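Chain naming follows the written order as A, B, C, D, E and F, and within any one chain the residues start at number 1.
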Amino acid sequence: MPIHPGEGPPPVFRPPAASSSFASLLNAPITSDLETIEVGLVGVPFDGGATVRGGARHGPREIRNQSYLIRGVHQALQLDPMTLCRIADVGDTPLDHLFNLEDSHRDIQAAFARIHRAGVVPIAAGGDHSITLPIFRAIARERPVGMIHFDAHCDTCGPFAGSKFHHGAPFLHAVQEGLLDPRRTIQIGIRGTITDKDLWQFSHDSGMRVVYMEELYERGYRAIIDEARAIVGDGPTYVSFDVDGLDPVYAPGTGTPEPGGMTTIEAQLMLRRLRGLNLIGGDVVEVAPPLDPLGNTAYVGATMMFELACIVAESVAARRRP
Amino acid sequence: MPIHPGEGPPPVFRPPAASSSFASLLNAPITSDLETIEVGLVGVPFDGGATVRGGARHGPREIRNQSYLIRGVHQALQLDPMTLCRIADVGDTPLDHLFNLEDSHRDIQAAFARIHRAGVVPIAAGGDHSITLPIFRAIARERPVGMIHFDAHCDTCGPFAGSKFHHGAPFLHAVQEGLLDPRRTIQIGIRGTITDKDLWQFSHDSGMRVVYMEELYERGYRAIIDEARAIVGDGPTYVSFDVDGLDPVYAPGTGTPEPGGMTTIEAQLMLRRLRGLNLIGGDVVEVAPPLDPLGNTAYVGATMMFELACIVAESVAARRRP
Amino acid sequence: MPIHPGEGPPPVFRPPAASSSFASLLNAPITSDLETIEVGLVGVPFDGGATVRGGARHGPREIRNQSYLIRGVHQALQLDPMTLCRIADVGDTPLDHLFNLEDSHRDIQAAFARIHRAGVVPIAAGGDHSITLPIFRAIARERPVGMIHFDAHCDTCGPFAGSKFHHGAPFLHAVQEGLLDPRRTIQIGIRGTITDKDLWQFSHDSGMRVVYMEELYERGYRAIIDEARAIVGDGPTYVSFDVDGLDPVYAPGTGTPEPGGMTTIEAQLMLRRLRGLNLIGGDVVEVAPPLDPLGNTAYVGATMMFELACIVAESVAARRRP
Amino acid sequence: MPIHPGEGPPPVFRPPAASSSFASLLNAPITSDLETIEVGLVGVPFDGGATVRGGARHGPREIRNQSYLIRGVHQALQLDPMTLCRIADVGDTPLDHLFNLEDSHRDIQAAFARIHRAGVVPIAAGGDHSITLPIFRAIARERPVGMIHFDAHCDTCGPFAGSKFHHGAPFLHAVQEGLLDPRRTIQIGIRGTITDKDLWQFSHDSGMRVVYMEELYERGYRAIIDEARAIVGDGPTYVSFDVDGLDPVYAPGTGTPEPGGMTTIEAQLMLRRLRGLNLIGGDVVEVAPPLDPLGNTAYVGATMMFELACIVAESVAARRRP
Amino acid sequence: MPIHPGEGPPPVFRPPAASSSFASLLNAPITSDLETIEVGLVGVPFDGGATVRGGARHGPREIRNQSYLIRGVHQALQLDPMTLCRIADVGDTPLDHLFNLEDSHRDIQAAFARIHRAGVVPIAAGGDHSITLPIFRAIARERPVGMIHFDAHCDTCGPFAGSKFHHGAPFLHAVQEGLLDPRRTIQIGIRGTITDKDLWQFSHDSGMRVVYMEELYERGYRAIIDEARAIVGDGPTYVSFDVDGLDPVYAPGTGTPEPGGMTTIEAQLMLRRLRGLNLIGGDVVEVAPPLDPLGNTAYVGATMMFELACIVAESVAARRRP
Amino acid sequence: MPIHPGEGPPPVFRPPAASSSFASLLNAPITSDLETIEVGLVGVPFDGGATVRGGARHGPREIRNQSYLIRGVHQALQLDPMTLCRIADVGDTPLDHLFNLEDSHRDIQAAFARIHRAGVVPIAAGGDHSITLPIFRAIARERPVGMIHFDAHCDTCGPFAGSKFHHGAPFLHAVQEGLLDPRRTIQIGIRGTITDKDLWQFSHDSGMRVVYMEELYERGYRAIIDEARAIVGDGPTYVSFDVDGLDPVYAPGTGTPEPGGMTTIEAQLMLRRLRGLNLIGGDVVEVAPPLDPLGNTAYVGATMMFELACIVAESVAARRRP
């Protein structure tokens, strides 16, 4: 049964304004048929890679729960992503080895590999940031990808507490495994206290462009994003949005908050200015609902995911055209 | 496409322990095909009948969101309701006239009439208590029903603020419209301050059994429920559970809390002791999530709805047998 | 301008159900004319006597704010206190020496002396428990009074951090100053950890009846209250209700919570069973709103104050009759 | 009994610093005599026009409750509004038809008509934004007014869920009824997701100036407000401040938050720069306290209302002078 | 440097009432010298065994933070545990393999083995319930121990999500490894929904006494505890207190809450009635602070740990005497 | 026993990532030996000088509790303060006269005098702002100091509620007592409503530079800080950071919040730009944890204290060099 854009699953009753019957990511249609869609919204309810505070395993559930506040049309861009291309919420990745970090990564990789094989562009709702590594293993095997990365942390550090795979290290491994091109990578919003002066040395050594928060504040978002566009060029590019890139007042519900971050409007304006890039996937990670009982962080996460969905949908539609 | 017990909609990926991909009432399967089920879980996201504090319109959404904490088997009763009969979450009732109380009631009635015509026994997740009147109009037309009613309020008062229909009055109208048999009705947990000494006079005059909280406390739950069983007998009986019957510490997220109420274990033991009655429907109402950011009230609401689902499923299964 | 029962100040517009225009204690009329009333509800926004956690200075404001949930009639007692006698909210006591404990006590005493001289029976909303001492100094000069005291603490200990006056000591001083008759005093709900085994030795030595929580739990509220009635007899009796007598789940917003306390229904049933005593005043103290953002503690405080208002009003009306 | 500026109702006792005895809007005097005042602060506890999330009915109560944090003098403007002209809190509008949107609007209109007939300039504390329509019907009958409107939404859309009157539509009707001059109207802060690309087409078609959030961010508040002053000129002008114009971190307690909004200091600087306009009324709407347990949104609402009171009082005083 | 009872580490300044300079478990002295103490309070900040919701890794930190509310003397028992024997907070166990469940268990076992070798009786603050297995491996090697276990769950189930070690299974393994004597084990408070009717079959099959919540409610705490005493006899006995044994209103901050549980006073009375048993250790587990921002659960956890400390200290002192 | 940088007290077990065994200010080592350190972090758990809302007495405890989120290295400055000089948490000041403001100030002064005599540079964690006066009395006797002061309030007003000493007045007294040089003082971020137009007249009259929030917003942080550096010159300078200088969204847990304040990144950039000044002490005050249950304000307070520690440590190290 093919899913047409905007159709969604046929509930018994239409949902009223305040409540969709069944919560889905961005209020998108729900499907299990990957063959019928072009963009798949995917939950990854995993926080086994968190070093300090967990809770991101509940991110997908709560982002769905708050998505009733997302209406379909992006006002500033005048875009309706669901009509630009076929988008659906395909559910959560299975996690059959909850207590083992590397096995869980394999589970996540397998799920995204299935999505990738179906030709579907994924936008993930995390989950902690360690999930981006298995996503890359699934979708970047053919060639390394570029990345525009919003975060307070570079996530390129070494082993921690006995494991080299955790939410502070995915991009070191992605480069070492040939999945991420560091010269086509820019990291924006980096700040906070660190355990070692050289914690993110790998970013610098490998050639990534690291934009510390101070530089973003002083130069303004336009200069940074224009540089980001130049860095990634027209090659395949992934956008990874860690909500701790935002100041904690906008996203208190996250595992490793760092005061002094981006505002939501800065983040929105930056994401919107990525229009026209060759986008092949993205994620919004580190939404940890137990740390924000009012649900505001999950709503901000949904908002950023909707920004992503708009620019990814436009990119997918552009590639589709002859 | 028939729904078999436990089957549910086919998501792309199996949900992990901490997160069902798509939240449903009691983690039940989701369906749009009423012909295939025997018990329908229905959301009624309406709070236009609330007199003091709203928020119950978000009840169904948040009860779904917290239902990931409900596993399938009732330990004390050793019952698995989903295997006893075919149960599904059929979504929310449509509400096309959100700003008009009586039109909304007509919308709700129409939805339950459709469920009733399909031979499905409904268990509703409110919404404010005014919704039980249109439910009765849909399912009790053939003959008046009996009711076991847990609440801090009798909900049999007269007009308020210009309307005779509101969440403090459904059972006055249900009796007057011949849908509810007051002599087969018992109201348990009544307490709190009131605006007028005769506020619930209709309950007494019409012959309902009113159990004030003091009596419940002094005599204990067994004596009360044994009397309830005697009152409703083996006729068709509806169970209406207003979470404000519980003490506010168990259900702070409700519109008209009254200190000094039932404990959850008292409520659970009472519901379980209704096994074997001829149950034709029920509801859990007045869960108002904005008034309880931690979600505990919605989880308690889901818990009571699960208790209801078990005894209703057993009753449905018993009637099915030749 | 005399205040008649139920009249209140003439606002421009009548308040709707969800919002009294101007919040008052128990939704009572507001007056500044002590000559016209028999019972005065008084706020004492002072927490300078708190030893561990402050916040009770906001008690009167937040109890007023939550009083919109209190309707006028006590359902269980079938009493309408505002028609039994003339009751009004007379505002807060002035506190002109906020940073000096003993001067503040003098300010409080002066305010209650004025009330007492006008023949008005006071019911206070605290404030920390140290305020009961200046209240006694104002109203018990003629003869020592008896007291029924609900609390987790006996509040009869010695000096602390350089002061003999604080919220753990009012009743030691009240006895020593001849204001409180220890043999007509009962303290109910005592429990928790203490700094010294002999912390409450004064209660025992002076002849107060101390009911520890374990005894209340084992013997039940009726036995305890029947004993309380016998102890205070028909002499003038004050009722002091510290919300930390309740278990912290019912009153988390308080300065020195002690797990394992009374339930609200136990407290309500005890207060109701005090009907017919010769009541000459009372208070509800230690509501500390900043420690309970949801406002539930203030609502519980208002509820207990309403219970008090009913039995005090009945007692005042009884004394009035020839 | 005339009310003189700063006098207020005579409470029994003076309030201490931390607690006014009786909470009023902006700590203003309370009166029921409209003849004695020039500016009336009015609560409108109505949220029957909310489409997504209710709770604004509690706005006036909680803005009063948080007003103890508002002292009398505006430091930046060096203005004391209560000495500039006679200001009082006149209470809440009566709402006798709580369950009927259009009847409620009639109740609100009647109350403001009474205020208007007495020559009093109203500043309202909502309630949802639908209340501005009945306010206009009461005060703008003589001639259409201009408006400076802070909001995330234009509130000029068509029918929703069976009603054309709701909190997303007041200004469409105000224009159609000849109460609002669209060419003298500017809407500032518009953003968020929408259900339809043409949702606010009426604003554009009717000639309103619509300032999207992006433009405000890029051009700065001065350019926008200078344009606003030019648009409304010296004709009669109303200021409507919906707190959802602010970013949700400043006002989480509101029905339809949209991430990426104004900061409070931007809003304050804009309001202050309206000095000298011909202001004939204003409102602060959509404060929904149940959605922000800490009360911060209500305090921000009170802060904006105080900014409004200062510039309105100055305008009233200026018109008074010969 | 021997630690004498009540001495503690010498801070520069004495702590005031509201704040100990340095937070410790139960405000006990802090030491690193195991040779000088008889009872060691130990934090185990591990939640890698949680199946549904994490957060218990923050339990020790937040129990310390809330311990300022614990004073030194147990009022009901008239016991001062710090004078009965030498007690100190020895800090948290090291966890060098945070992302590996079994390696973490080895780390925990090593720490408790060191404590055990020093002849110190441990009382642990969890952490999720999986930690009790490595504790048993450290302290019960010589002979199987008996256990009094308060919990909503039997924690004797099989593999979950790919691991046989998790917080729902410690006691199955403890029995299988010969560390726990099932015939000297009683489990109290069992309830809630389960995934399988036979989930806790191992408890029954192995001979443990399982007291479901219904039985506790019906028979009362005395009968249950008297039976518990008979079951464990005078052999070495461990007390494991999972805070989810309490009703969620008392301990909302826990990973797998189950409505309808014990009250705190029931739990306290049961723990006190264990006086005189031969106690060789204990724990309070599953305090998950992120799920209870107000800190009440951590305070309840500290309260139960203090009850444990009293009865364990008394037992240690009794064994010491010739 | 000398304390070497980074050594700290020897806990039994190493703390894992998520939990230091024993919470200390900025995770610094704990010591009681003032002779061994150069910079002392000191808690001052006193809020007896608060005029509106208390709670700051819990500031030191909760700043310690949230300090687990502070890692040791300042990323932007590339500084590790603990290696620059010997820093330790020396505990809280004793407060033996909790109920007497002036005696408490004497207690605080005595503690800081002891620190000062040992040649230790103090950085205090308040406590309300009244504590800075006794700190000055201890450390500025030799010569008046300059001050860079971040705050919403000038704190130079006269008597309030019967006391000239309170948290709104420390700097008036510091000048009058010859401890603070007003011409070397700058106050940044002043705003909000005030009780009197001349409330801060003393600041202006004495020659302090007062930077209102509007000026900071318009001119930007660099211009202000460059002016600050010129004003204090190379004389001894103290930095006082009241968290209410920040907008309330960043620091809701504070006694007198004023909407429209600084962002955290502005504050951080200002503090960092103070490098190289001759810093002789500092404080972070007015963190009132009960008003922010999520702990974010305490974390922001710890963050600002870490910024302070870095620039103070660098200044101490510079002075040490020959």
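The working rule: a contact is a pair of C-beta atoms (placed from the backbone, for glycine too) under 8 Å apart; a residue touches a chain by one contact, two chains touch by 3 or more.
Since we're looking at a predicted model, the values are computed, not measured.
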What chains touch subunit A and also subunit F? D, E
Chain-touch separation of subunit D and subunit E, in steps, is 2
Far-end chain from subunit B, centres as C-alpha averages: F
Hey, what angle do you get rotating subunit D onto subunit F on C-alpha, to the nearest 5 degrees? 120
Higher-contact pair (C-beta pairs counted), A-E versus E-F: E-F
Whole-Å gap between the CA centroids of subunit C and subunit F: 40
Centre to centre, by mean C-alpha position, how many angstrom separate subunit B and subunit F? 55
Two or more other chains in contact with one residue: find those residues in subunit E. 16-18, 51, 53, 57-58, 68, 95-96, 98, 160-161, 249, 291, 293-294
What are all the chain pairs that meet the touch criterion? A-B, A-D, A-E, A-F, B-C, B-D, B-E, C-D, C-E, C-F, D-F, E-F
Which of the residues in subunit F come into contact with subunit E in the complex? 9-24, 30-32, 34, 43, 45-46, 57-58, 60-62, 64-65, 68, 89-96, 98, 111, 293-295
Would you mind writing out the residues of subunit F in touch with subunit A in their complex? 16-18, 68-76, 78, 80, 249-250, 263-265, 268-269, 294, 296, 299-300, 303, 306
Would you pull the subunit C residues touching subunit E in the complex into a rising list? 51-53, 160-161, 190-197, 199, 212-214, 217, 247-249, 252, 256-257, 259-261, 291-292
Where on subunit E does subunit A make contact in their complex? 47-49, 51, 53-55, 57-58, 95-101, 103, 160-163, 165-166, 290-291, 293
